[in-house]
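As written, the chains take the letters A, B, C and D, and residue 1 is the first residue of each chain.
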Amino acid sequence: MRRFVWPVTVGFGDCDPANIVYYPNFFRWFDQATHQMWRSAGYDIAQLRQQTGLIAGPLVDVGATFRATATHGDLIEVHSQVEEWTARTLRIAHQIRRGDTVLVDGFEVRIFARPDPDHPARIKTVPIPENFRALFSSEPVAD
Amino acid sequence: MRRFVWPVTVGFGDCDPANIVYYPNFFRWFDQATHQMWRSAGYDIAQLRQQTGLIAGPLVDVGATFRATATHGDLIEVHSQVEEWTARTLRIAHQIRRGDTVLVDGFEVRIFARPDPDHPARIKTVPIPENFRALFSSEPVAD
Amino acid sequence: MRRFVWPVTVGFGDCDPANIVYYPNFFRWFDQATHQMWRSAGYDIAQLRQQTGLIAGPLVDVGATFRATATHGDLIEVHSQVEEWTARTLRIAHQIRRGDTVLVDGFEVRIFARPDPDHPARIKTVPIPENFRALFSSEPVAD
Amino acid sequence: MRRFVWPVTVGFGDCDPANIVYYPNFFRWFDQATHQMWRSAGYDIAQLRQQTGLIAGPLVDVGATFRATATHGDLIEVHSQVEEWTARTLRIAHQIRRGDTVLVDGFEVRIFARPDPDHPARIKTVPIPENFRALFSSEPVAD
């Protein structure tokens, strides 16, 4: 499967009074890595929304295990790849590293959706578009 | 003029390695105070946008002077009021206090706008709606 | 066990271009609920650090499942409680609700630690202090 | 004077429901540009603090004028330089650009300080260290 690496320089303001990265920022970087991975594969979620009404990527499940800390000035990398497909979900594995040191192992499970015509403020899941899956995987679909 | 007070409990994650509020967060609280002030006056910017196409509130100018620091656990207040109107701008004064101690003095200058029909990605300023100004001031307009 | 409720008003800036809460903010609110829960029980982590060198609360594992969205102006609540103790970890369950609607179910696993004398930039876990556990639970310790 | 350029890719989560950068993030980028500028000149504020007790950089005044918007996926640059020195302050000009388009013009005024021996929670300003000024300027000091 396609792998993607997104570099981040940890900012002073990304760190908390313990002088280490404030943990919600790791999820900002997960999310940005996902968006950049899609963009780098030529998948434009704004265009998709405008042309088809499809909403790419609501998150349904997320998690992370923290193995080592990072601080301001550190150069770190988010290593991302889609590691599992079902008909209606994709699971992206993210690993954050500083050199050879693994700092964080995590994942995001995302879906595709449309606005629900019966409840304008809600969305309904839809199957993952074939052309999207094709960009990131040649694997068969687990259902 | 109408005054508005918005309370904030400073979070651990709002603070930086110097153990004080990371300064961009004061602007998050300015912005939230502005939105809550409008909402508390019955002005719903989402509804406005949907019904009239008007965009309430793009920021054109902002500033702050920092007089004292705050840290996690502190209860602080944003005191906000519109202090100046022109035909096309409003200037909101924000003062952040912890008890009697002034922490920050700042301001935001905001406009009203519409999408520019000739350049979809741009906006054009419009005069401040009369009914909006009426909610916050009985003062004559400086132009 | 002691339950704790922390109210949050969702800000405009807490939301993303999909007009819903940007998900890393839910973790900011988890973290803030944890800190406020400790503070409300009279446990001052800054004082603890200063007096004993103990570091309260490094995160080792975190996760969340997203069930419904929230947007700016929503009043939501974080409901938190310690749901599991081991000798060296505590697991805090967080549920975020808007009225009766569950938005997010999540958890944090945290530890207590000391600076590692052999590696100044690292920390070593220590057993959870008895007096800390007593504040939040009368349950026996699972090991 | 030494100029410094810091590139930023605008993230999805850096944008608000209006689909443009949420303005406090521009200050995060100002702050990060300042820290990276210092670091790139070989000035390590953590080391300074540890070796001399000096605190590099509390902010006393900040402002910005917003000229054009940016959205997720945009590659932008923060152009920074110290534009004014007094005995006890430095003023850093920041301009944020996307290609040739100026998005934001702003500034930060910062000081150097020491913990106040009479009031442990406060700080006292000190003159800007000569070696620091030398790194960024050959200009005479305005007082």
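Please note the rule applied: a residue touches a chain if its C-beta (ideal position, glycine included) is under 8 Å from a C-beta of that chain, and two chains touch if they have at least 3 such contacts.
On a predicted model such as this, the values are computed, not experimentally measured, just so you know.
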item	value
Intersection of the contact lists for chain B and chain C	A, D
Comparison of B-D and A-B by number of C-beta pairs in contact, larger one	B-D
Repeat of the C-D interface, chosen from A-B, B-C or A-D (over half of contact pairs identical by residue number)	A-B
Rounded Å distance between chain A and chain B, as computed from the means of their C-alpha atoms	32
Separation of chain B from chain D, taking each centre as the mean of its C-alpha atoms, in whole Å	23
Per-residue overlap in chain A, given as positions that touch at least 2 other chains	12-13, 22, 24, 28, 31, 72
Touch-based graph of the chains, sorted into line, ring, star, complete or other	complete
Chain C-facing residues of chain B, complex	9, 11-13, 28, 31-32, 35-36, 39, 46, 72-73
Touching residues on chain C, where the partner in the complex is chain D	12-13, 15-17, 19, 22, 24, 71-72
In the complex, chain B residues that touch chain D	18, 22-25, 27-28, 31, 55, 58-66, 69
